[in-house]
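The same subunit A turns up in both complexes below, where it pairs with subunit B and then with subunit C.
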Partner chain A sequence: VFRNKIRCVSSFAGESAVPPNLLLPTNLVDPSRHRRPAPPPDTALPILRSCDTSLPAHLSPVRTWVQTLMNPSDEPLGLTELHPDVFAVPPRLDILHQVEIWQKNFKRISHAKTKVRSEVRGGGRKPWRQKGSGRARHGSIRSPLWRGGGVSHGPRGPTSYYYMLPMKVRVMGLKVALSSKLAQDYLHIVDSLDIPTPDPQYLTELIKQKHWGQSVLIVDVGEEFPENILKATEELKTVNIIPAMGLNVHSMLKHESLILTLETVRFLEEKLLWHDIRFSPLYPFKLPYSDI
Partner chain B sequence: MSVSVCLRCSGLRGAVWSALRLRPPAPGSPCAAAGLRLFSAPAPGETRPSIEESTAEYKFVERLIPPSKVRHGAGKVSTGWVPPSPSPPDLPYMIRRSRMHNIPVYTDVTHGNRLITIVRKVEGDIWALEKDVKAFLKDVTGKDLPTQVNEVTMTLKVKGHFDRELKEWLLNKGF
Partner chain C sequence: MSVTKKTGGKAFEILQNLPRITLANLRPEPGSKQLRRGRGQHGGNRSGRGHKGERQRGNRPRLGFVGGSTPFYLAIPKYTYNEGHSRRPQYQPLTLKRLQYLIDLGRLDTTQPIDLTQLVNARGVTVQPLKRDYGVQLVDEGSDIFAAKINIEVQRASEGAIAAIERNGGVITTSYYDPISLGILIKPVPFFLRGQPIPRRMLPGEDMVPYYSDAENRGYLADLDKIQQARIALALKYGYALPNISKDELYHMLSMRKDVRQIFFGLAPGWLVNMHEKKILKPTDEKLLKYYNS
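After this line comes the complex of A and B, so read on.
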């Protein structure tokens, strides 16, 4: 629903009807961004990656295109199969909300502190005698009734809002976020993060041409990234690159598009599906188990 | 004995500590001349074996470390556990097994008298499952039991404890 009903597309044939000083609302979806169709079952393109883990019998893997960042053409390199228990999970918006709010709040320490009547300087002596002066009876000049007195029920000291959601809820949040991105056509799989130049302009043009959206989050596994992409994303504010261990719901919601490499997909499937078949921890999972 | 008596007196503790301080006997001291040596020191002519590092015994530790993943359900078991059928049944809904490969039907008691049976991990058309469950329980009990369908969490709640009947029924269906 557009409040101003501003159309991006011009009704005149050869002219661009958008005046240069027009301020468009930021939540307008780019109209030239249309949903690309799902890969048909009889494509000639090769399946570059199929699921490693065994699938449940009643589910079939989700197929998506694999693109490349090297040349800005629109043709995909091939297909990849994604595990339905990670990328086609029912859209639990309540879990997504829980995880997002947790991410926002668990780090919060509010340092707001006010002085109580005992902490305010002064106010030990009774200001005037109890009876006979004609004024109201008071015990100290710093009681909360007085101007300059202490606050009776104000914020007290650094308060921590730390809490932990269960591990499985957080994992489910990641799965729901990934599934939502895939369902809304905001998830793009790329074979590797090699680009020809370290120029940030190349990336912005590529993103604009492929209609990937306003902001892009690039995820890769491994400690080292190709130099070109690191330099290109360094200057850009809306294009960010993170390792796969740093993938979180807030970043996925903040950025419009999510780019994963094939290695990242394998890593995420392995890590997220483990939680569906694991025992509850006898001791923390950081310590060694026989198959971790 | 005399040493233990000395230890009880706090004043003489310092003297006892210096007497018990372990020092190897100096070559010219009366201890070495008398033929005394510390138990830890080797006898003259005797060679103690050097320290040997071996990792061959680590296998005894390794086999004690527990696994983290639940193993696949075995085929034939004497406990009465029935594996799910290899092909999913031809119904509009699907009920997955729990991580321990059991049927996800659970009972709950609140306020001491409120009995509820919960069917979790439903996928597909949950309303068709509700209809089938209602029909089945009508045959079993003769009553129309109240049920609650939660489409967000995909669970079905039925008033009363029917976990045994529902588990058998779902097993017969092949879930």
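After this line comes the complex of A and C, so read on.
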């Protein structure tokens, strides 16, 4: 009996049957997973968007399909060119780990607090005289040796685990996450988020037909989203929609697939590439600069 | 380059065949974490503190104490040449080589007067007014490659540097900024957001007045005629033909000079800059005007 209902193939050569008591990890590579091939260089489909900034001569843009959410068929609308310095960076898994742990911990304030012997109620008087009573010598009934006494080295008060990773490390984390999603074929570009119906069932069937996986994260730029997609994702637990400013490594790793619109791609490239060419800050970037 | 480089390289291709990267798959770089658990946490047993005594009990005497005899820092006598060493004005050196580098890369605009603000905006120098920095000094390393016509204002300049700039048809002035004015000059935007009026720049103290009144140093308090004579004399000394600036098309820009009490070009002391509404407020009271114009 397999833990997951997907049939997995062992990588051992020469063994055809998987032993029944073998516990396989749930995210083992499934070769029957529908992986679409990279767009060949001689497709008839138009390039809907090319990179805004001019690339240096030694870099070539990455090409991916652009799909649509309107009809559930599998045919792509066209191609997009993605900047390699955002979507094809070396997969620095240690940076991903650092950024993920930072995201988890920097907000943490642990409120655990125990009372020290001076804070426990009572214990000011010497319980019995120093000499002659036959019992061990004690100074207060709330010392850590006593039952009901204070804790000597316990957690003290709200402790904050706040720290900031350098800005460029956090930016690199986003780039590495986007690149690894693209490399493993979990990134899908869509022209816009218009759906015919606000029915969540429509979305789930679309995701199933397009083989986008168990959980999907949809990202769009702009202050307003189309109503249909908002209503459809409201009910669903595994399909979530966020604005582009809210894109973060934790959400990208938690959801299996990532859906970006063309506008989002343009926004992300603009924002993430700026950090490669900017000057170091004289004063915080939130204050106005005339030239950056 | 004919071969296009794939930024991700081989790792990118290998990643395509590996399991999905999830929250469960991440682990830190081996060797980055130093966590130990249990009794070995602080080194075990005595935790590297030694055996008994002040060392283990954390009661060692202050830094510099040598057990009772006169410590080194008291045994060596003081001398006058070191007096007030931490209060002496310091000037961050700026080589002509670095200046040329900044101009070539386009970080400095030669069509406008070059000020300490422009140098800091171009990230050419880092000045720390809180560490007794009084500005920037021009050093003549790289004077043979320097070839740019600029109007530059620094706080100190060596003779060779002055010669190199004037040889190329530029104008150099040395001027004094007191520490508060320097802090404002370096970071104008945080100052404007404070909501204080621009202060008057203070005049130099009595030990610096001779330096800034001397035409040899192109001081801002010196006579313009004497500066012209000094320019001619320097050209003779270093053996170059002094170019005539007055016939230059950028003469107006090259002759721009700040007033003795002015910190920014185009802004007078007493004015208040409102960054959010993009307005400048000027004082109208007589006493204030008299004070700021004196």
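Here is the rule we use: the second predicted complex is superposed on the first by the 259 of 292 C-alpha atoms of A that agree within 3 Å, B and C clash if a C-alpha of one lies under 4 Å from a C-alpha of the other, contacts with A are read in each partner's own complex, and residues count from 1 in each chain.
In this text, a contact is a pair of C-beta atoms (placed from the backbone, for glycine too) under 8 Å apart; a residue touches a chain by one contact, two chains touch by 3 or more.
On a predicted model such as this, the values are computed, not experimentally measured, just so you know.
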item	value
Contacts of A:94 with subunit B and subunit C, given as first, second, both or neither	both
Touching partner for A:156 - first (subunit B), second (subunit C), both, neither	neither
First, second, both or neither for A:288, with subunit B first and subunit C second	both
Partner chain in contact with A:179 - subunit B first, subunit C second, else both or neither	second
First, second, both or neither for A:277, with subunit B first and subunit C second	first
Partner chain(s) touched by A:253 [first = subunit B, second = subunit C, both, neither]	second
Contacts of A:57 with subunit B and subunit C, given as first, second, both or neither	both
Residues of subunit A touched, compared between subunit B and subunit C (which is higher)	C
On subunit A, positions contacted by subunit B and by subunit C	57-58, 90, 94, 279, 282, 288-289, 291
Contact footprint of subunit A on subunit B as seen in their complex	62, 65-70, 86-88, 94, 96, 99, 123, 152, 154
Subunit C partner contacts - residues on subunit A that touch it in the complex	25, 27-29, 57-60, 84-85, 88-91, 93-94, 96-98, 100-101, 179-180, 183-186, 250, 253-254, 256, 279-280, 282-283, 287-289, 291
Of subunit C, residues touching subunit A in the complex	1, 3-9, 11-12, 15-29, 32, 120-121, 123, 186-187, 189-190, 193, 275
Of all residues in subunit A, those that touch subunit B in their complex	56-58, 90, 92, 94, 274, 276-279, 282, 285, 288-292
